[in-house]
Every structure is written in structure tokens, then in C-alpha cells.
Amino acid sequence: MWTFLRRRIISSAIPLIVVIVGVFALARLTGNPASLYLPLNATEQMREDFTARNGFDDPLLVQMANYFGGVLRLDFGVSLRTGEPAGEMVLRAFPATLQLAGVTMLLAVVLAVIVGSWAALKPNGIVDRISSFASMAAASIPDFWLAIMGIWVFAITLGWVPTSGVSSPTSWLLPIAVLLMRPFGVLVQIVRGAMVTSLSEPYIKLARSKGASEVRVVSRHALRNAAAPALTVAGDLAVGLINGAVVVESIFGWPGIGKLMIDSILQRDFAVLQAAVLLTAISIFALNILIDLGYAMLDARVRPTTRARKRRVTPAAAQERKLNVQPTR
Amino acid sequence: MSSPLANPQLPPGGRSVTPPSTEVIALPRTLDTSKPGLFHLLLKDRFATAAAIVLVLVGLTALVGPTLMGDLATQQNLSATNRPPFSLAEGWQFILGSDSLGRSMLARLVVATQTTLSVALPAVGISLVIGSLWGVWAGFHRGWRETISMRIADVIMSFPSLLLAVVVLYVFSPSAANIVLILALTRIPIYLRTARAESAELQSRTFVDAARTFGTKPAAIIRRHVIPVVLPTLLTLATLEFCYVMLAESSLSFLGIGIQPPDVSWGLMVAQGRQYLQTAWWLSLFPGLAIVITTVAANVLAAWLRIATDPAQRWRLTLKHKRKRFIARMPVKEVA
Amino acid sequence: MSTITQTVSESTVRAENKLVLDVDGLVVEIRTPKGTLRAVNDVSFQAFSGRTIALLGESGCGKSMTAKAIAGLLDPVADVAGGEVRLNGTDLARLKPKERRKFAGPELGIVFQDALTALNPVYTVGTQLGEAFRIHHGLSAKAAKVKAVELMRRVGIPEPESRVDSYPHQFSGGMRQRVLIAMAVALNPRLLIADEPTTALDVTVQAQIMALLRDLRTETHMAVVLITHDLALVAEEADTVAVMYAGKVVETGPVREVFARPHHPYTRGLLDSVPANIGRGEDLKSIAGSPPELHNIPVGCVYQSRCPLVQDICRAVSPPLEPAGDDRAVACHFSKELDNV
Amino acid sequence: MSSSSSTSANHKFRSPRSGLVGAAIAAGSMLILSSCAVANSEPSTGTTSADLVRIVLPQEPPTLEPCEANLTSTGVVVRSNITEPLVERNPTTGDLDPLLATEWEATGDTEWTFTLRDDVTFSDGTPFNAEAAAFAIDRAVNSDLGCNVEGYVFGDNDLVVTAVDETTLTVSTVTPDPILPLRLSFVEIVPPSTDTAAKVREPVGTGPYKVKQWDAGTKLTLERNDDYWGDAPAYAEAEYQWRAEGTVRAAMITSGEADLAMGLGADDGAGDLGLDYPNNETVALRLTAEIAPLNDIRVRQAINYAIDKQGITDSLYQGAHIPAAQLVPEGIVGHNPDLKPWEFDVAKASALVAEAKADGVPVDEKITIVARNAQFPKVSEMSQILQEQLTQAGLNVELKMVDTSAHLQYQLRPFVTNEGPIALLIQHGNQAGDAAFSVEQYMTTTGAQSVYGTPEFDTRLTDASVLTGDDRESAYQDIFEYQNEEIVQFAFIAHQTGVIGKAAAVDYTPNSSSGDELRLAEITPVS
């Protein structure tokens, strides 16, 4: 298990570095932010001062070397916009997104498992048809539009929840509901497909032949086997949640990392953008490792302990299972 | 003839003998003999048919709509802005109301169809072709080619695609072509992973081995034996990706770096209509509905395609629904 | 029908033998795209404690479907459309699912064909073995595990204490099949259905598995229904046999007698096709043609298209299963003539 | 997390102070959150109390550094609330009013003398005196901090600031500067304890409020400065939040979650709760008059005739904007009340274009309208109208929407020069009240935001800048007339009107500077 972890971490480090270098280079290509931060009538001298002060006139490689040197000392640079250390800003915003995304993902999984399993019990039954349609629709509504509609209906017209902010527990409802849609929609279809497959496997018959109740058959035998494909897509969905968080956090004024990233792109606040990307990428890789571990825990056959039959399961490798999933009809 | 039991030298549990059965009664096979055409199958499924009709209509609209209504879509009338829908008072063109510049919503939706599709289809197409070929190649050869390809896929997938698009579109201006390219780039790993997995599995199969034994070149094996098998899965995936790309385009428009005015796409219409939500709801509702309906139709069709292109499952589509206590519900692996 | 079952039971009942399973006129229908078809058509047989009855036939003849119907494990597209399945006098076919579950395990066990797919890959063998005890006896996980170890020892799995925590994929095929058998006999059922229990195994392991089943039968006096297409296996293991063809029983009787003097041309055809029954140098015979497709069963006798003795009556009238001598029954218009061919 | 010992906590819900997220899914999928690190323990929903006024801004202030206060997002919080300048401009009358300085006069060609109040202390207890004022001006204008106010108001020239005695301050310039007091109204006064090497995020000042708590990303709370030298403001606390979407800000007013919402658009949904006010912003097309076909004045005139200014105002802004004829609106020194907007006359425009074409001007050359996404409400709609109307006049017009950073490439020197003729949609706000601030930037040949000028025009501009009083006023009025007749670098569209959402429970009358400087002291509860 430790060998597996170590290999996984080492192999993750390379993509991580590639992501950071890529963002660093791309960000520099968006142009010198001097005009954004200097007065409109700033002189050439002021521009040069600004550029030199922030090191934007060094060759890209030197800038990059300086940056990575700083990162190794946990110095992520200073935000152009606020003058605060970028690392601090990112660490402050990160928990907000983590909480939002965590609760959303948890709910999405729980609800999708319930709805997906229910639908899989009778493929083409009424529950199946309704949930299929609902899950497809849920996954295809533009999130920003849903967010504004949600505010209009539930906050303004009905007055049930605050429009936005993080002021009260009920503030969580709308952002979560909006963010929930896509992962829920996708997961319902995955769970349903996996459950249909799983429920038709011979081991379900075996369980029934032992007199296992329907609940036991579904929850213990079918679901445990269906969990693997769901877990596989969970990683990609979590990355997708960051996309959603950009939009949702902007609209609801959620002080998270999605909004911080988009703001820092708009404001060419490179230090903050890089720190945010770094932290996001690290957490995504951590998540992927957790998913691998979860995968191994769920299914002994892919457990990497047995060196004899080593079969490393990356989410990529696991992707092939996803395709074995039965279609939604 | 002698009785078998009069044959004591038969070793206990020894030579097991199978009766000379020539044919196994398995439903899929028997029905496969009738080979209903794909189109014929489609007609049997009401939902899939409806979905297909929707998509064909959307496609036709995109093709001919702009020539019919292109002028109408740009014709401004500042004295008749934000007219509500479902009224013929202003003429049939305004059946879906008018927008904030007094242009016909109907005409704009029609023109937007073309823009939307001309972003979504090429983006899906490019990523499908590149991702699939790359994946098949990587999976077929395995080894370092596979490893490196999968690492690249990991890199792209581990960075939120929307943010990547935002960064890239600030570097290069947000033109339709750039949007297509960046969306295609971020979605390549999806096909790459799938194609690789399928191809890796196929390359170990007997018929591929057989072809190898005959000295067929890898490229030819891939072309003749691997791609035809992998294609249905990838096409199904592409249908789903079409939805994703449409949504991504609308999110980019919301952030102000998608399709730029005066061009118009559904996503842009939703994004721009959001500020009129309380005064002119139809500005964002209709294009939003267009996105949802098209997406759901594509989803339904993808689901259907997945079954229809799978010979082992195809027969299920011909199953008549029976309103009985246990309607046909689980796939039956075999009936024996 | 009752006359037949009567004769069979009278002949096989020994002093301690009791009627365990009484299948009477069982009909199973499958819904398919081309309409409903009968996979099992009016099948009747009985099983007695301490005895083995074999259902013999080619793939698709309905024998497995019969087994699933008895065990209540039919696929959703299939239904029991008629007949009775009485287990110790209770008609299982009429029970509600909840009631029926009480029988699954303590009264009725089933051994599946392919142990690899039949065992749940994500649970340890011990967990799965103990499950029946947890469900029916309400044992704790710990107590169930103790029972699982006992069971494993009983079916001859070496080092059960250490292997109880292994996963199915870590076992060999034969061991997996033992596990499956252990699971079926965990609660000492009165009836054991063995559905092609050795098909997936190689020859030497087959023998071991069958020996195990035999021992268990002797030990617990359970009735065994052996589903198989293997004539040798039937000859070795079964007391009585019911030969099935296209969803129907065409001939029944004590194995020894049926195999020595088949009354039905199909049974005979089967026997002739066994290499061991043919002298060196003779041609191996096979039955020409193939069984009718279930949705296309002809009027009259189901075997008419392949039968060497076919006459006009066979194409018009379906021969009923009628007594044919001691403990035997056959469904053929010309069973008498068969001996003379 | 804040100590939550707010004076207005009596009616508020307080959740347990655990640092963990407690998420539980009860039956019915009801989500119960006991507390969380991002959520404040003081939800501010509920009715307005006289103790707290809640304001929602379009964006979080990047910093509260007073020397950046001419940035709208910073100034709207800082100016006249946390810190104060020596003098302030009355947004209604345009006059300069005393604030920390009671009197000021020109005591030489290049020297001004200010007399300061003697009863003022900073909120940290340090006394305000001439030395503090000199320190603050030095810090903002003469330091290496790169303060925004330095570039915006003072350009390159440093000031010589001298504290004569406790209450007397002299400020000297290199060249005569008749509007130095106005320029100094942008310099917020900070105590000498303020960092000179770096900008500060949470400043100390002499204003009626001081920073109480800043939960970055979430909200910013100011509390009353009890040692304030002037009248105590009505509200004990002010709470700022920020939402990017205008519809959301408007919704917070209608749902009672905020008392004032800044920067709304006409259709954002504030309804009756929206207050219009002139915000001193003017929208215009700036034409690259040296690139064909825009180098022909007839084409530039045609563009002016082709734009239906009234139509745009009526259809997009419900008539609240005012069709413009010049760069500054009424109320700014130099505004010419006699200038009438160019009439909307497509025929005339077409005729001018045709005339130019006949003379060989390449009027078919593609002209690009460049506009900035989300610069002001309905900017994209306006751009599309402009494109359509210029096309109607017979020009070949394309529209290009860009983001702020890209827009600046067009707006500021060095300009984008390789994209042919460009009509840049600009929004200019004159916060200072004097036309000089506008014309220096937009009309001189070398102005940072000017793409065209003539030597004669430059002379006029230089001459006007040193004049005072009525001479100054009429000189600038002439300049605006001259631009419309001889230069035509601009096609003016409208003087804008801002919308502030205001809950019924508070009293506030917005003025032209409300968007840059929202004075909390002017907000009172409805009695």
C-alpha cells in the first residue's frame, strides 16, 4: 500500500509541475498588468518602475526560477491588487470552497445513490423515466442562469432564503442547490447504470438464494459493486465543481477560491492566480489518490497489496469501467 | 446397442460428454438474425425518435435559419424593445417577443442556433478525432506511449477547464475559433482515456493477434479492427460531450469571454438576458430552454445509441413494453 | 400427470425416504420481443430426501429455467405461469416474496454454475458464507465468521481459519465451487438444487466436487436436484432422471433403466452420441438437426423434426407423458417400436 | 471570526461557536449547518436597526489604503468615512468646502497656505496638526509608494509641503496651479504613524467611522469613531458586503438584506427602490482621427449625426441619461450650457459619407468599435446600437468587445495602431469638478487618452489651464465648442445616470459623487 502511495505521489508531481509552469507562462502572456494598476495618465517612468518592482521585465525563465524558489520557501509572492501575501489570501479562501464543494459532493452522492438505485430497480419503470429525465435536465441547465432564477424565486418572491452571502445557515441552500445539479445529474445516471448491471449479476441471485431481503440485496450486494464506477467519475466531477464554483461564488458572493481565481485572472494578479492554481491542483491530486484508495477499499481485486498481480488503478484506468455502465433509458 | 450403465469402465466423473447440441437458444442471437436497421429500431422507441427529431430540427434551423431570418435578427427597433412573447400584435416574427434592442427573439434564437452549433460541433469533432486516434494509438502500442499520453490527459483534466479557457481566451482574443480550439483541447482527454482503454483491451484479443500473425501493419490493424469496434462508444460519448461543450460556451459568455456581440449564441443570450430577469424574463428563458431541450435530446439519443450500437444489447430495443406486474426490467444475459 | 408422479414416487420411496419437492405441471413463460414463449411447459417431477434426481437436456431445453423457477430466482422477463412447486407441502409459487425468503436457505439451497461470477467479488468468502446465518439466525458478524470457518472445514477447504478472510478471486476454481456448495448447505436445507455445478471445472476437480455433494447428501439426507447436460454425470450420481427437450419432460425413470433401455428416440439419440457407448472404429452418431426455437414450436410432438420414427400423427398430436413400465414414463407415440429399431 | 459583541446583536441569531462544519442530513434532506468558518456568526438578515446600515457594493475594496482612494472601489468606503481631506468639493454646488482646513489662500504664484482645525484627533488618539497633514501629503504625492492619487491628480510634479506651525501648512508647486486646493481634496489625511514604506490595508483617519472588522472576502464593518470632531453620524455601524451581479444587489434591497445597493442598472430589478442620480460619467466614441477614413472630418461628423442619442437613452435607460454634447456634464466648471447635442439625422450622415467618398476617402474601410465588457450597464446593447446606426450611415463597422486589460491597450498610450480606424467607446468620469482634469487627458495632442489634436487647440488648452474664475469657465466652454466644430475627435452619446438601490427604512439622497464617495454620515434612519 505504501509503495503504491509513494509511486502515485511521485507520478502526480510531474503533472503538477507542468500545470504550474503552464499557468505561469500563460498568465505572463496576458500582458503586463501595469496599465491596470497604474493611474490612467501614468508616465512611462511609472510604468517602468512598476514593471521592475514586480520583476515583470526579467526573462520568463528567471521569473519562473524566482517563483519556484519562493514556492519552496512557501513564499508565493504578494498580490498586486491587495498588497497581501498571495498564500494567505488563497488559504483564507480555500476552506470556503472546500466546505461548499464538500457538502455539495456529499449530498450529490447520497441523493444520486438513492435516486439512481431506486430507478435501477425497475428499468424503464415510471421512477426510472422520471429520474432519467430529471437528471439529464439537471445536468444541462446553465448554472449561472439557475442561480439567478433561484434568487428570484426563492429569495425575492418567496423570501425563504437570503439572496446571497454567507450570513446564515440558510445561505448555504441556494449555492449548494445550484452547484449540486450537474454532479447529481451525472451521478444519478452513472449509479443507475451501474446498479442495473450489478443487479443482473449472478451474485445477486446468490444473495437472494440465501434469503436476503430486497433492501439487503440492494444496499449490501448491488450498491457496493456499483460504487466503483460512481467513485471513478467523482474525481472528474470534483474538478468540474471548481468550474461551477467560479460562477456560483461570483453570483452568491461566496468568499471562495473560485471567485478568487477568476478575479485574479481579470485583474492579472499573477501571484494569487498561481498560488490558487497550485493549491487547487494539489488538492485535486490528493483527491485522486484518495479515490484510488477508496477504489481499492471497495474492491479487493484492484487492491495493490498483492505484488504478484499488480494492477495500478488510476482514475484513468478506472475510466474503462465507467463505460461498462448500462445506458440510461 | 449397449447401455451406458452397462459400461462400468466409465471413470467416475471422467469424460464428461456434451450432447451434440448445435445451437444454443439465446435470445439475442435469434433476433439478430432479423437485423432490423438502425433507423427502423429508432422508430420503435418513441423517446429516441422524439430526441432525434428535435436534433434534426435544430440542425436544419442552423443550416437554413440564418439565410431566412438573418436580417430580421439584426433589425433593431428602439421603439419596440422588450415586447412580451405570445402576442401576434407586432407580427409573427415577434411571437417570442422582442429583445432589449427591439429585435425579434425568434429570429435571434434561430441565428444563435447556428453560432451555438458552429462552436459545439467543431469543438466536439476536433476533440473526438484527435482524442480517439491518440487514445487508440496509445492503447494499441501500450508501453511508454500509453504512459506519456495518460500523464498528459491527467494534466489537462486536473485543471478546471473553465479557468483554463478563461486564461487562454485572455491571451488570445475570444473569437469563435479560439473558443472552439480551447474547448476542444480541454475535452481531448475524455476521448483519449476511453479510446485508450478500449483499444488496450482489444489489442490483446484473438482477432488482432490473428491479423498480426498475417503480418498486417499496426496502422492497418488499428484502422480495420480496432476503430470500428471502438467507434460506437466514442460516438456515444461525443453526443454527451456536445451537451458539455454547449454549457461551457454559455458559462464563458457569462464571464464575458465567450461569443462576443454582435454575434449571438444561446449561451450569450442567456447571459445577457439575466439582467432583465425581472423585467423581461423571456430574454433568458427561451435560449435557456433551447439549451436544455437540445441537451436532453442529445442525452436521450446518446443513451439509445449506446444500446443500439451494442450487438449484445440491441435486441432489448425491440422489446415490447408489457404493462404487467413485472415489466421488462433487467437485462437478461441469457435465457437458457 | 398424477399417475406418473404416483408411479415414480412409489418406486423410489424407501422406508426413510420422504417426498421433499413436488413439481406439478410447472409452466414458465418468457416475454420476448416476438411475444411470450414457454420455456418450461407442463413439467412435473419429484425429489426425495437422500436421493438425487437429474434434469437432463441440451442447453436451452428449460432445465435451468425449471431450477430457477423452483428457487424463485427467475429473471424479471420470466414468470411462473402455471403449476405448483410444493416444498414439504408448501406451494412456493404462490408465496409472497417475503414469505418465500424464509425458505431460501433453511429449506432450499442452490449451487450455481460459475462460482467466479456467482460470488460477490467485493466481500470476503467468510462474510458471504456467514451471511445466511446473519439473515436467518440473526448471528453477530463474529459468530457468523465462526460458522463460516466450520462450513469451510466441512466442505474440505484447507486452512479455513486463514482463508476465511480471503476474497473469491484469491481461490482456485475448485475451491470457489466448494465455497458455493458450503453456502448452499449452510443451513442444512432439505432440498439442494445443483445447477450444472461442475461445468466450469476441469475433470479431476469435477469428481471431487461431485464426491463432496454425494457425501453431503448422505450426511444430511437432503434431496438433490441435479441439473446437467452430462450423461456420464447423471449415470454416476443420480437415482432418477427426467430427460427434457424443448421445455418438456420427454422421459423419466430410474437412471439405470432409462439409460439401459431408452423409450424415447431423443434419449436414445443422446446415448448413441456418447463416445464411450460406441465401439472403436464405429462412427460417432449425432442427432441430425437442432431443437426447435422456443417461439416456433411445432404442433404435435416437439421432437418431430429430428425424430427418425416420425409419422403423421407426430405432426398433429402432442404425445402425453404416459407410464411405460416400472417407475417409468415416456412421451412418444412410438415408444414401443423404439426397442425394435 | 468577529467577537460578535455588536451593539445590534440583540435581535440576531447566534450559532454555536464551533470551528467545525457540522453538516447533517436529516430526514427529508434538510441541511442543517450548525456553524462554519466562513459563515459569520452574526447573520444580518432581519429588519434594519438604527444601529446598523448595510451597504452592498459591486466589488470588495482591494485595499483601504487612503492614497488609493480615487479608485472607486476603495474610495467609496474610505473617503469621508474613515479618512478626510483638508478640503472637500461640494458635489451639488461644485464649490470647495472647508473640512480639516478652515481657510486657504494663494500666498504666492506657486504657494498656497492652509489654516487647519485645532480640535481634531485621529481615531487612534494621535492629534491632527500641520505636521500630520504634511506627512500625509508627502506620503501620497512624493513617496515611492506608487499611489494612484499621485498619478491621477498630480502627475509628475512633486509638492513642497511645510508645516509652519501647529495649524498652518504651506504647499508649493513648481508651476502656478490655480486648482491646487481642488487637487488636494483628493489627498486623504493619515497620521504620521502610518507606514511610509508600504501601503496599508486598514488605515487610521480622522473620519466619523473607523474600521472595526474586515473579514476578507465576506464583509467589512466600520464603527462610529466616538472621538469624531464633528457631528456624530446616525448609525453606530456600517456593514459592507459585495456582490458582482447587479440583479443580486438589487435583490438584496428588495428582500431586506441590505439598505443601500451601489452601481445598479435600470433593469436590475430594484424597481421603486432604485434612485437615479447623475454620476458625472459621460459616454462617447473616441475616433482615431488620423487613420482613414476617420481622418476626414466629414466622416467624423457623419458619425455624430448617425447616432440616435435620445433613442439610446430612452430605450436602454428609460430616459434617465441625458444626450451629451460635450465631455463633462452640468455642474463641472467649464461645461457649456449652450452646446446642443448633434441632431440625429441619418440622411445628413449618409450625405456626408457620400460626399467624402466622392472625394476619394476610403469610407468602405472597416472601422472597429471597441467596447469593454461590463464597463457600465448595457454597454453591449449600446455598442450594438452604435454599430447598427453607423452602418445605416453607410460606413463599414465592426464591433469588438474586450476585457478591461485589453481595453486599456486602446485607451492609453501607447495606443493599438495596427488595427485600422478605431472608434473606442469610452466612459469618462470627472470626479474633480473642473474641466481641466478632462481636457488634459482627452484633448491635448499628447494627452494620455487623446488620439488627436492640433497645435492651435493645444495652445487654447494650455492658456485655459492657468486662468481662474469666470475667465476659466468661459475658456473651457469655448474649448468644448471648438472641439465640436473643428476637431471632432469625439462622438458624444450621453451623460449617465447612476442607480442606487435604497431600502425604505433609510433616508439618503444620492449626489453626483455618491458612486465614488458614499458618505455614511448622510445616511439616516427613517424616523
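Just so it is clear, A, B, C and D label the chains in written order, and each chain counts residues from 1 on its own.
What we mean here is this: contacts are C-beta pairs under 8 Å (C-beta built on N, C-alpha and C of every residue); 3 or more make two chains touch, one makes a residue touch a chain.
Small disclaimer: the values here were computed from a predicted structure and weren't measured.
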item: Identity of the most central chain, Cα criterion; value: A
item: Far-end chain from chain A, centres as C-alpha averages; value: C
item: Computed distance of Cα centres, chain C from chain B, in Å; value: 46
item: Whole-Å gap separating chain A and chain C, where each centre is the average of the chain's CA atoms; value: 52
item: Intercentroid distance (Cα basis), chain D paired with chain C, Å; value: 89
item: Chain C: positions in contact with at least two other chains; value: none
item: Of all residues in chain A, the ones touching two or more other chains; value: 30, 148, 152
item: Numbers and ranges of chain B residues touching at least 2 other chains; value: 170, 274, 277-278, 327-330, 332
item: In the complex, chain D residues that touch chain B; value: 245-247, 250, 265, 267-269, 271, 308, 311-312, 314-316, 373-374, 377-378, 380-381, 383-385, 387-388, 399-403, 405-406
item: Residue numbers on chain B that touch chain D, as the complex places them; value: 74, 76, 78-79, 81, 100-102, 170, 173, 256-257, 260-262, 272, 274-280
item: Contacting residues of chain D [partner chain A, same complex]; value: 13, 15, 21, 23, 25, 29, 31-34, 36-40, 42-45, 62-63, 65, 144, 146, 148, 150-152, 155-156, 198-199, 201, 215-219, 241-245, 247-248, 251-252, 254-255, 257, 269, 403-406, 408-409, 411-412, 440-441, 447-449
item: Residue ranges of chain A touching chain D (in the complex, touch as defined); value: 30-31, 33, 35-36, 38-43, 45-46, 49-50, 53, 81-84, 89, 92-93, 95-96, 99, 102-103, 106-107, 110-111, 148, 151-152, 155-156, 159, 162-169, 171-173, 176, 250-256, 259-260, 266, 268
item: Residues on chain A engaged by chain C in the complex (per definition of touch); value: 201-203, 205-214, 216, 221, 224-225, 298-301
